[in-house]
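The first chain written gets the first letter, and so on, giving A, B, C and D; residue counts start at 1 in each chain.
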């Protein structure tokens, strides 16, 4: 049905590498944000500068970004494997 | 030869991707030059200082912050509306969701950019990362907008995977095919893939709603966390969210109308969509009016001198044009058009949406500037503000950038979700029937 | 660790003094020593001078880093200002480093007034001037050299008058807006004293100030502000301050009572207050009996003519207010009561009868018995400076001086004489004109056209202005004076504070290229030779000051200020030691005030005019009022321009410091504090008047008088008397520098009328029309 | 929340200012003294008229009433150096903060110029460098710049620092001489040059200091005290002398 694409064959290694790069850049970005939030926590602790506010926001931001990483991985691997 | 070509309707959705419409490049040229003009104005401002704008003491914020709030508000059209419609399994959402989500992604970036335009030292942007502190509402903004942008992008991307796969299959070999191959993630439409996709979409839809609400709430907090008159108000968070939805739906309607014309999507975006969204807009109009009334009545009744100076400045002072313009554009015109069935046509909703966009922009302006112009320190002369060509150019550039983003997007991806539309065409009868049966009185009917 | 500490110090901007101390603590490593050297070899120095931004005579300290003046502040030891300094003084560094200041002599190229100049050397310039003066002298025309001096301070006045006397010209004139002799004329008639009076404000019970803006533009604003600060926190609750002024000046705003008198009627108000005091027997009878002459005549006439009811009509002040002022002002006779003083000390004439107005105000001091008491009116004792040596005069000098001067402080007469030139019957044409601290093209009523016309036939016009000011533009030769921080600067308190004081300081900074004019004249005298050179035997102006200071040392009076307390003159072993201390500490002062009661106080002095002065004052004011009423009635603002319903009164704020301070952007920016208005000029209008004329705050308006028309922004100021408008004097130069040219000069509108007795210009006689532009 | 004006906050220094409005003669010397000391640029007429001038200390007039019952009051307003500053809270980058001795500091080289602190300050005493003012001036006019204080670039917020560089200098001196700072050793430029001596400055934590004594005066009040900002600039009200 779809002549240009052969569903049974795996795509070229280049495509796979780019997909991995895409995934890792997203994971890197999201974990970067998590690390950044962590650093702000550390700074506010160190400078005694409303640590409580930072904790409160980190409590929301960190799970959200972790979840995003999770969802992205879930979609990525789920679809990649689901095609078999 | 493919499924697409068999179906003439869906072919229109990808025509613009493989064939360049005749107006395309001229449009890109016009928009591009507006963006370049804006960039030039920015360079001018960057090297000579913010003094090249109309900003001053005490009106330290003007067009840029207004645009920031305005664009962030527009962004609610997309992901939030789409998520709500998806979760509520509204059938007519199918051709609309992607259009809405693209608005969000485009406009969030532009909104964030407007904050950068406003910075005195944009070269020190990284200080927000090195020395950021969470006591500042600006950091809340930064975190929440980043989250929203990330989530919206993911939320735009995930449902688009099947469409990308279609494009991948259609695309002749070449770099563009590789591009689609990478993004399609090997989608073949297996039931397992469908399941993953649906589950992820559902999770994202749920997640994105509180994030979107938080975004505009914290944008409002930038103002309401200060002690300034007419800013320091607990209503500001929800007020901004209501306003955001309001202006967002209006923007969505306008974008829909334009795309409908330009990309010949008449079959997908039908008067009924405009009618339904028009009704939604009417609800938001009333919501917004209610919030505005509550906000201003509280200030007026309390009669606190500092607040009243701002209040009167808006009511019949130097900013009355903005205030009354806002009331007319946001309330009188939309209510007249949208509440009369005969007027709730495509043209009617577009007119109403246009005035709402103007009105909501004025609302943001009228929140930002009069308070700054009438600070508590009333012994000093009241401030005044009139933007210079720099701000006008950058504002035009911002809007042009938004349109340009849309044009570029339309070259790579279908603006209406083929997958969802097709799914709707094939299954919506069953889905709808099943849903109706599920809650119809006397549920035994179907089992019978 | 050391490195971080050093960085910290450098980053924190620690000054060199701290560094030098640190240097000793750092280990003796070559590396760190060189590094430290780079940081520490900045030369920090403090030097003293006397501020010349106005006539106040405040001592200043200048902080220098590597020869650059980086801060100026009040000298805390100086008796005049005690550490305080006003905005003008503080901004003076902007004058010092003004890019528009001239530092080389310029000669006009082409036609005079074309604005084109070419630089010449000081040598050539001196030769040119000396040559011309020599020729004039040889031709027997020494008297045709004219020098106009302005608002400058110190012993250079004596030096110049000595120069011209030796040279042979009677025409050395000074133009001053705050001249101590104007009030003194009235005091001389009543008190018979020729030196100025002083007012012990800080210790008085009631201060009644007529038209003088003591806190902003008085003769010594910083000193008066300090006095004000003291009288406010006195243990007994402080003095009551009343300011009589048509405009609510900053002083009036800070006063306890503002009396918005109709312009020019201060004298009537004063005598009405006298009326109440006399009628209610609330005057100091003992004092009157012991010291006052002519009392009976004064009493009868005042009682007969100056009832509060009549005064209320003329002055616009309610009877009750007049009564209240009189009752509060009058002595109660309680033991230990502090005296009340009435001040009429202002430079510009009271419009109307200037002399009689001042007499009327001063009469109140006699009735309250405040003369010669602490907290009252005392005498400004002069510093015992050494007298000038005998003046040698040769025949040409004597011939020259036998000619009558062209004018005597009378600008009207001078202008007429200059204009008449050769055609004048009694006068004579001027052949050389020297302008020092004088910018008549700007400061004269009628403005630059009048002036330019007057000088057009003078073959040589020399200006010593360090700025290309309005008048210097019309000069043939500009010999830029040095900035006052670049020259020997001295000052002796001339009026108001009461104590005697003398300050002298060597140049605080090296000259940027200008030459102090007094040094130029010393050189000129040497070049002229003969008796002129003998008359000025000093090498530098510093030598002149040393000569004058010998008088202080010889008198063994007073003390030199010192951080450890004043050091009496007697404690110095030699003059050299005294002279050194004077230069490094800032001032010599003698706190013994003089008593003005050396001669009896005469309430009915013989003043020019046929009528008794008390009668003449009322008659004059009544007729003026009638004329004004006719004016206001017949000319309504709706009629065409040419009808002038508003009386124009100009004023100065404490940021306008004459031509030499005009080009200082900080002062331009802070032009007024009561309106927070900067840069431009403005016209203050009463809001009710403005409403009638449909004028809003900050609207541009045309102000036109019979003389001219200027456009400026209106400011609605409720502290303006209806029917009167006020324009600040100071902005609107043509020339001077890039920042001085903003705004408009109200003198373009001014009528040039002069008081018949004091010959002061009567600025208040101008009527204007206001209309929205 | 409400605390007496001179209340002890910490054991260290707590710098504060008392301005006696009764003594103040409205001359504006404090403004210019501050400009000279702190390298505050003048602005050209155009920028002045567009309200871009910077004046860390500002004598603010307030005219009330109609002729002839008019009063103009003058209130010199520096940064109020709040103990509970609304501006430091909102700074996203630690560029403005309350230092341990009670001075609200501003770090010019860290400020990103978002102006949120200006919007948050109820006293409107923070100022922005709209242009590179000093660079635009003729070079000659920067010769008098005080070497102890940095020149500010365009795009950053600045404000009264209680002449913080003077404190640093005094502290360095004291450290070198191995002693504590003496009372009255640390002065500020506006106080030094005030002609009527209406400005007092010192340690509010030192019960013997003049400021602490004056802060307990019955005439003492603080501007917008009701906002809970707890300013350390304390005013002494004008006394009424009308009978």
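Operating definition for what follows: contacts are C-beta pairs under 8 Å (C-beta built on N, C-alpha and C of every residue); 3 or more make two chains touch, one makes a residue touch a chain.
Since this is a predicted model, take the numbers as computed values, not measurements.
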Middle chain, criterion being Cα centroid separation: D
Which two chains share the largest set of C-beta contact pairs: C-D
Euclidean distance of C-alpha centroids - subunit B vs subunit D, Å: 43
Centroid spacing, where centroids are CA-atom means, of subunit A and subunit D in whole angstrom: 49
Separation of mean Cα positions, subunit C and subunit B [Å, integer]: 67
Centroid spacing, where centroids are CA-atom means, of subunit A and subunit C in whole angstrom: 77
Residues of subunit C engaged with two or more neighbouring chains: 676
Per-residue multi-chain contacts in subunit A, two or more chains: 49
Residue list for subunit B, restricted to those that touch at least two other chains: 131-133, 135, 139, 380-381
List of subunit D residues in touch with subunit C within their complex: 20, 22-29, 31-33, 35-37, 42-45, 48-49, 53, 55, 59-61, 63, 65-68, 70-74, 138-141, 143-150, 165, 168-169, 172-173, 176, 189, 192-198, 239, 241-242
Sites on subunit D touched by subunit B in the complex: 47, 50-53, 58, 60-62, 75, 77, 86, 89-95, 110-116, 118-120, 122-125, 127-132, 153-157, 224, 227, 229
Subunit D partner contacts - residues on subunit C that touch it in the complex: 9, 12-15, 17-18, 21-22, 25, 42, 65, 68-74, 76, 81-87, 89-91, 93-94, 96-99, 215-216, 221-222, 225-226, 228-229, 232-233, 237-238, 240, 248, 250-251, 253-254, 256-258, 260, 654-655, 665-670, 673-676, 678-680, 686-688, 717-722, 742
Residue ranges of subunit A in contact with subunit B within the complex: 1-5, 7, 11-12, 14-15, 18-19, 22, 29-30, 33, 36-37, 40, 43-44, 49-50, 53-54, 56-58, 60-61, 64-65, 67-68, 71-72, 74-76, 78-83
Residues of subunit B touching subunit D in the complex: 48-51, 54-61, 115, 118-122, 124-125, 127-128, 130-133, 135-139, 142, 222-223, 225-228, 372, 375-377, 379-381, 383-384
